[in-house]
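These notes concern the structure reproduced below.
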Amino acid sequence: MRMDAMEAAINALKLVVIFGMMIQAVPLLVWLERRGSAFIQHRFGPNRVGPLGLLQLLADAVKFINKEEFVPGKGHRLLFFLAPILAMMPGALAVLAIPFSTPIEIAAFDFAGSTWGPYLLKVQGADIPLGIIYIFGVSSLATYPLLLAGWGSSNKFSLMGALRASAQMISYELAMGLAVVGVMIIYGTFYLNEMIDMQQGPMNFMFMGKEVIFPYLPNWGIFYQPLGFLLFLVCSYAEANRLPFDLPEAEGELVAGYHTEYGGFKMLMFFIGEYGHMIVSSSVVIIFYFGGYLIPFLSTEDLRQLLTGFVGEGAMLSLATSLVYLLSFIIKLVIFLWVFIWVRWSLPRFRYDQLMDLGWKTMLPWGLLNTFVTMLLVYLAHG
Amino acid sequence: MTSTVLFYLLQFLILASALGVVLIPNPIYCALMLAVSMIGISALFFSLEAYFVAGVQLIVYAGAVMVLFVMVIMLFNLKNEVVAFSKGLLSKVLKVSLSVLIFALIASSLSMSFADLNSSQLQPYESAMRSVKELSALLFTKYIFAFEAISILLILVVVGAVSLARAKGGTHASDK
Amino acid sequence: MPLTSSLTEISLNHYLILSAALFCIGMFGVIMRKNAIVILMSIELMLNGVNVSFVAFSRYQNTMDGYVIVFFVMAIAAAEAAVGLALAVAIFKRFREINISSFEHLKG
Amino acid sequence: MIYQLGPVLFMATLSLLFGVVVLFLVSKVGPKLKPTKAKLESYESGISGQQASTTKVPVKFYLTAILFIVFDIEAIFIYPWAAVFKDFLAEGYGSFILIEMVVFMATLVWGLFYIWKGKALDWE
């Protein structure tokens, strides 16, 4: 699979676009969060700058850029600056592996005196082998920025916040790791694309050698793994360090947690990391349990036939299919991001011991139970 | 050609950070260097098409073991050490030369063997999932005993952890 | 084997020499450093060097056994680090430092 | 092969570069004020004096990390098992591999029970 210069350039451009989208999503999400919280709490939220307050984001950006540079006197300068830079990395690397839509065919074209293509452009940063393992591996690095921020600021509240945050993250990462075992057993693959393909059509499975079909339900993972889904969702909230699990930042006890000493753009970078995490975990939930970019009750074949009437055959068809699926994915993503925000502004905060108890004494045993029940059911269903 | 450049780049990254681990006096930087080295090795496994092992390297080493190291250093709040290295010029020279000697020995013996296995003879794997399945088929049949023994080993670690928990107080308990 | 091809083509030897270098750096750290935690880190480095050679052998000889062994090495290394650091914590609570010379005071 | 690594390295470099460049530019744009002594002190809600080094940090955090490692390794061994479970079932070795994993998991559930009883999971 050698790439020529053009294909490499297209792919590099695609990666830049994906990274830019991740960065761009942050102000939009912040806006959504502020307006959403205002809506929930019966306030107005930012509504002065531009239509619906949308330009508030620009004003905020200008404010962030104009902040004074500050390093605490006793802080470790290198680590203090390294932490926010690294905070963006796990999110960016994990977004890379997420398939947003079906590939687009690009017909052969002439450019700079020679013919290039045809190419198959994936709407995905790169088709990383064993996507789940890769995403888990990369997101397990997310504890470092927190620890470095806590250590680099030389502030006892920062350090305490960092330790709390990392203990919380690893605890819930564990339950998350066990919650997905059920998914792995059901699909028997680690590839995200293959998982999505398996969720086509109506719900059907083999039970005791007989084929069972439920035509009124899509073949989505959530109907096979309801408990796994619940565990995974709660763990992804805890991993993103958001309310009701935002103990590391608990203002009442720890000033502001690991980013007490941070301000301006460095603070924003931690936010980019946090929202990147939200985007990744929402996408992963969609891929595991909600059919990825698939549209319920409409198979890819039907969709292609439907679109042929509008755009005809060939490269345009693949582009149209891809766009429709991308839209479907984005709608699901927005729903899940909204749930993130909704939960944050509706539930009270846990106490730290309650949080750890929930992680170790509830999520972990239930994760083990889910694994056990899934393997037993798969075994029995096989007969 | 690009793959060769990438390989040397990775090799440089891994070895430089490994040297950082043993040469930097401040333990927190040592731990970070080791984490970089682990991530580099994971990338090396990735380039060898051992995707699963690469992921496990990230999850277990970079994500769990190194976090433990960094956490312990933070708990102790270790600053720059006064005595980071062992004392005595003679012993230093001896130790450096011993390490270099062993490396030279291994490297020279390597150059006499295995020289015929180069990358042109590599067959690409059918698919990454296929090789994961082969790996686990081996793990759960041929190495079944070792697999079950791991669970006993983990139980032992748990016992150690609990005994640690029973000892009361924080890290700085003695200075109340 | 001519030198140019050994530079442009990555052979098994490249990986083995990397592995040997990692192992020796780790060993150097073990005999040179005084801090128990850094010594544990150096041991991890040595084990990683061994892992590299296992994976490279497995890849170049087209078997899967090496990968399985790497799994076990990782599990054991993680367990070793956990227990070793638990010892370091115990030592630190007693002597307020983790210089390995503190271990000399341990008597049964 | 190594080309699979390309996008990953590219993305890592991109986000690293973005961070470094942006932080550099922002440090050029922002106002330069000479920091006072009080400002440089670590922020502790106005109460100054206490330093991080005298804080007592509970060993609990470290304990959590150990237990995390133990169960993380367990999860790592379950993943390849989950990948092949259906294949083994199809070939008729389902009971064998099921029992194998049940034994493995039972050992660790026993471990979980032990730490639960040993009060290693209790945060006061």
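Chains here go by letter, A, B, C and D, matching the order in which they are written, and residues are numbered from 1 within each.
FYI, a contact is a pair of C-beta atoms (placed from the backbone, for glycine too) under 8 Å apart; a residue touches a chain by one contact, two chains touch by 3 or more.
Quick caveat, the model's predicted, so the values are computed rather than measured.
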Report task. Kindly list the shared contact partners of subunit B and subunit C, in label order. Result -> D
Query raised in the report: Does B-D or C-D have the larger number of C-beta pairs in contact?
Result: B-D
Query raised in the report: When the mean CA coordinate of each chain is compared with the mean CA coordinate of the whole protein, which chain is closest?
Result: D
Report task. Express in whole angstrom the distance between the two chain centres, defined as the mean CA positions of subunit A and subunit C. Result -> 34
Report task. Indicate the whole-number Å distance between the mean C-alpha point of subunit A and the mean C-alpha point of subunit D. Result -> 17
Report task. Please work out the Cα centroid separation of subunit C and subunit D, and write it as a whole number of Å. Result -> 21
Report summary line: Among subunit A residues, those touching two or more other chains are 128-129, 133, 159, 163, 166, 170, 173, 177, 189-190
Report task. Please list all residues of subunit C that touch 2 or more other chains. Result -> 71, 74-75, 78-79, 81-82, 85-86, 89
Query raised in the report: Which subunit D residues reach two or more other chains?
Result: 3-4, 6, 8, 52, 55, 57, 59-62, 65-70, 72-73, 76-77, 83-84, 87
Report summary line: Chains touch in the following pairs A-B, A-D, B-C, B-D, C-D
Report summary line: So, in the complex, the side of subunit C touching subunit D is made of residues 71, 74-75, 78-79, 81-82, 85-86, 89
Report summary line: The answer for subunit B against subunit A in the complex is residues 28, 32, 35, 39, 42, 51-52, 54-59, 62-64, 67, 70-71, 74-75, 127-129, 132
**Report entry** Touching residues (chain side subunit A, partner subunit B) in the complex
**Finding:** 79, 128-130, 133-134, 136-138, 140-141, 143-144, 147-148, 150-151, 159, 162-163, 166, 170, 173, 177, 189-191, 194
Query - subunit C-facing residues of subunit B, complex - result: 1, 3-4, 7, 11, 14-15, 18-19, 21-22, 27, 30-31, 34, 37-38, 41, 44-45, 48-50, 52-53, 56-57, 60-61, 64-65, 68-69, 72-73, 75-76, 78, 81, 83-86, 92, 95-96, 98-100, 102-103, 106-107, 110-111, 114-115, 117-123, 131, 134-135, 138-139, 142-143, 146, 150, 153-154, 156-157, 160-161, 164, 167, 169, 171, 173-175
**Report entry** In the complex, subunit D residues that touch subunit A
**Finding:** 3-4, 6-8, 10-12, 14-16, 18-20, 22-23, 26-27, 29-33, 35, 37, 39-45, 50-52, 55, 57, 60-61, 64-65, 67-68, 71-72, 75, 78-79, 82-87, 89-90, 94-95, 98, 101-102, 105, 109, 112, 116, 121-124
